[in-house]
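Paired with chain B in one complex and with chain C in the other, chain A is shared by the two complexes that follow.
Moving on, here comes the complex of A and B:
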């Protein structure tokens, strides 16, 4: 078990680094690649914990994560959002990248502190001490990405990173999700990517931009 | 198979609406009527306190979920009927030819399926998926206008509520562990059974994550910013669904976890969380109602106020509050949908939603004028409408149980909201129109939908049919923690 825990710790570190990358990278395409790498770390952690705990359900989770997040979502986005997603361009930020990274570091610390009572309450799951705080860090990073990125695709990646964070935490404690839940989760994410991708395409078609942070017509006072 | 058919019928309607654009509105309406009949039948079966189980336990219905199911089904019928005439006038003769109109009806049915799934599905994680799908399927309905402002509103709606959903997902998965670890099925009864033995830290963390996550979807302050924007841009029929039942679906999740919190001996005064969150929403909404400039935003802020009232009522404690909470939840749905139907008519008449630019609705279109006035009175909580009964029940019980500060504050805020709503509605309805114009003829199907929605709004203020009374009492008992 110590070896498995050590490897899982390494995967958790990668997971956090890739999540942070989605906040910090300047390149549009980079956010997508980092999300795919982040999903790969989640897949690997699910396989590892599945082997360590002898839980075949986690192999399903790994297979679903890989097929939906690493393969299906980039393809669905390419089809739905249109070619602008693959353009080489910079992502606009509300904050400068150093400030964003600094705030992300504080968020990571907060996530670690906040998850402490939860980790204590779930002391019978050895991987929870690694995966729960890591998952919460990714959830915070994802929400922060939505807040500071002006680009629609980058914001979508933030939402998906949050979902990955929730699952990174849960694989350490819930290793027997019902089949219906797994199938529903597998269908749910590509549908979310499809609809949001189509929405991004419509925004681009009507406004000429995908920098949703610049859309500011709706105000209480005119 | 009653419960399964409630989901199958709109699924068939979705396919039919995709196949025939001409028949799509009527197929959707027929489907909604069938779903309402099936839902009423299922609700009757559980009104005595029973729980229905179907599909190997995958679908279930108790009194509290039946109340929500009935509301979704009822507003689903009136919104479909309203849409037929409203979109015809709104699209000015181009309906049926635009891609957005063709997409409207299949999406409407998918939106209905996702909302109907929330009370019907047993597994808590699948309920989360159903709630997330309500956002996804309604995104393009919010963006129906396909203008910059509508797309901005849709994006804010999707982005913010999805962030909320992901936060709630984390709470859901941790709760999944807790319930499963306690040897219970991951359902509402399983949660209740597991609640006393769950570690308080685990249950409390899950609840806080739900409060933030589902609270975003329910439009609770300070996560409410998407709600007025989405309601100012979406067609009135979609506003009726969003405000009447969709946001209530997220609140339904917070109501259902409440008895579990009460049952856990390690969590002291869980009602205080509800009370504080509720009062904050009511307070902010009441002040925003005073300064609002758009009459659809007016009713959106009123939704935030009502979500707050329901939460605060729940937090006021045990006893008769549960009845007031459930009745408020119940009455809000059809009253708010009626208000948005009336607001949609006013938009057709004036061609704008800006309060400052509209006067004399009563003389331009008397039916719309009366509807907006009565809707305003009803949603503000004036007698003899249904919301008066629930608000009176909540406040009377609050004072009777000695919770003077919280109840006094709630009373003051409700009075402020009452004044604000009637002041704004009065500006629209009365006075002389800025420009002389002939009286408007409003679409018949939309007027019919308003007439149907008006009946419960008025009648349930002084008479509740015995089966419905039994259902609401059973739902209140479930909220109070009776398994």
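Moving on, here comes the complex of A and C:
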């Protein structure tokens, strides 16, 4: 078990680094690749905990996560949003990146401190001590990404990172979740990505931009 | 042979290892990058030919320059030799000077050589040298606090800043290697190595346009022996940084555990093999990333700073 915990800690660190990368990267395509790597770390953690706890449900979680978040969602987003959007080199930010990453560091500390009593309450779950705080960090990072990025695709990455964070935490607490729930989540996410991707393509076609933050300023024609 | 004499000889072997193989690393890295880019590229021994050629050439020194210009190549060449005596280049056990300085001292020695090289770049009045020197200082100033936090994190995680002690603290078990804080320190150090060695995405080492250069404009005014020393010294500094990064932080294995000659000499191919693997990674990074704009470098280093903070946070909250 100590070896499994050590490897899970390693994966958790990767998960946090890739989540931070989504906040710090300027390139749109880079953001998408980092999300894929982040999902890969989630998949690996699910496989590891599945092996350690002998839970076949977690192998399903891993398979579903891999097929949806590492393969399906990036493909759907690239197809639906159109190539023009990924040709943009720089994602617009509300804050400068050094300020954003510093705030992210503070958020990580807050997440770790907030999760400490929860971890204590479920001390019978060995992986929760690693996955729960890490998942909470990703949820905070995802929410922060939504707030700090002006581009629609980057904001969607933030929402998906939040979802991955919730998964990262939950696989260590509830490791016998019914498969139907997993499948529902697996179908939901690519559909969400498809709908938002198509919406973004249309916004881009009509307005020439994907900075959805600016849309609040649009006025109706009289 | 007495143990004292044996230690002294091993120290000399470490220096010889650095002197002999440093240009080879540059040659291998260039060759790998050329292959990835679909080119044939020069021989891996090209840096040796270049250094040999430069030693045979006349040296031209501007009348406007002062003693600093002549002194800088010597200090650039000598500093890595001092540094390699402080770090575990081939042996896992401490040698003569192991406790004479820690990683902060290593940083200081390199900063001292960087200071003289920057002065020398401005000394001749060449405008590109001045621009490069001021840019190098800018990156240095940005990297300085990150280095400090990284060293602090390292000492916090490994309980020491002496390279041999840090090496031993990681090498003790796989669990120690896989600690989240350790991984985060590795990532932060990788970013720092790229910035400090002026590699992509911070600076383009293969760039030929003087106006875009950061660290590589410092050699422009040198010729003959001065240029050879700068080139060889730069290669040795790169190798020394790799030794710190690989032997101390990432992979603290493959070093000689005993003072037997066979053990020490067998460590040479093992360390070179680790370096080759890292050069492959570096070549992929350098061929896939574009150079950052000058004022984006602060973002790159801010990320390294925050990753160091996360490493400390992880350790503080008891996650690893």
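Please note the rule applied: the second predicted complex is superposed on the first by the 215 of 222 C-alpha atoms of A that agree within 3 Å, B and C clash if a C-alpha of one lies under 4 Å from a C-alpha of the other, contacts with A are read in each partner's own complex, and residues count from 1 in each chain.
Convention: a contact is a pair of C-beta atoms (placed from the backbone, for glycine too) under 8 Å apart; a residue touches a chain by one contact, two chains touch by 3 or more.
Here the structure is a predicted model, which means the values were calculated and not measured.
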Joint occupancy of chain A by chain B and chain C, clash or fit: fit
Touched partner set for A:118, first chain B, second chain C, both or neither: first
Partner chain in contact with A:98 - chain B first, chain C second, else both or neither: second
First (chain B), second (chain C), both or neither touched by A:108: second
Which of chain B and chain C A:130 touches, first, second, both or neither: second
Chain B versus chain C as contact partner of A:16, first or second or both or neither: second
Larger contact residue set on chain A - chain B or chain C: B
Partner chain in contact with A:188 - chain B first, chain C second, else both or neither: first
Apex chain A: angle to the C-alpha centres of chain B and chain C, given in degrees as a multiple of 10: 160
Touched partner set for A:159, first chain B, second chain C, both or neither: first
Where chain B and chain C come nearest after superposition, their Cα distance in Å: 19
Common interface residues of chain A - those touching chain B in one complex and chain C in the other: none
Chain A partner contacts - residues on chain C that touch it in the complex: 174-175, 178-181, 183-184, 187, 296, 298-299, 302-303, 305-307, 309-310, 313-314, 316-317, 319-320
Touching residues (chain side chain A, partner chain B) in the complex: 117-118, 120-122, 124-125, 135-136, 139, 142-143, 146, 152, 155, 158-159, 162-163, 165-167, 169-170, 173-174, 176-178, 180-181, 184-185, 188, 191-192, 195-196, 198-199, 202-203, 206-207, 212, 215-218, 220-222
For the chain B and chain A complex, residues of the former touching the latter: 58, 123, 125-126, 129, 132-133, 136-137, 139-140, 143, 146-149, 151-156, 158-159, 162-163, 166-167, 169-170, 173-174, 176-177, 180-181, 186, 199, 201-202, 205, 228-229, 232-233, 288, 291-293, 297, 354
Touching residues on chain A, where the partner in the complex is chain C: 2-3, 6-7, 9-10, 12-14, 16-17, 20-21, 24, 26, 96-98, 101-102, 104-105, 108-109, 112-113, 116, 129-130, 133-134
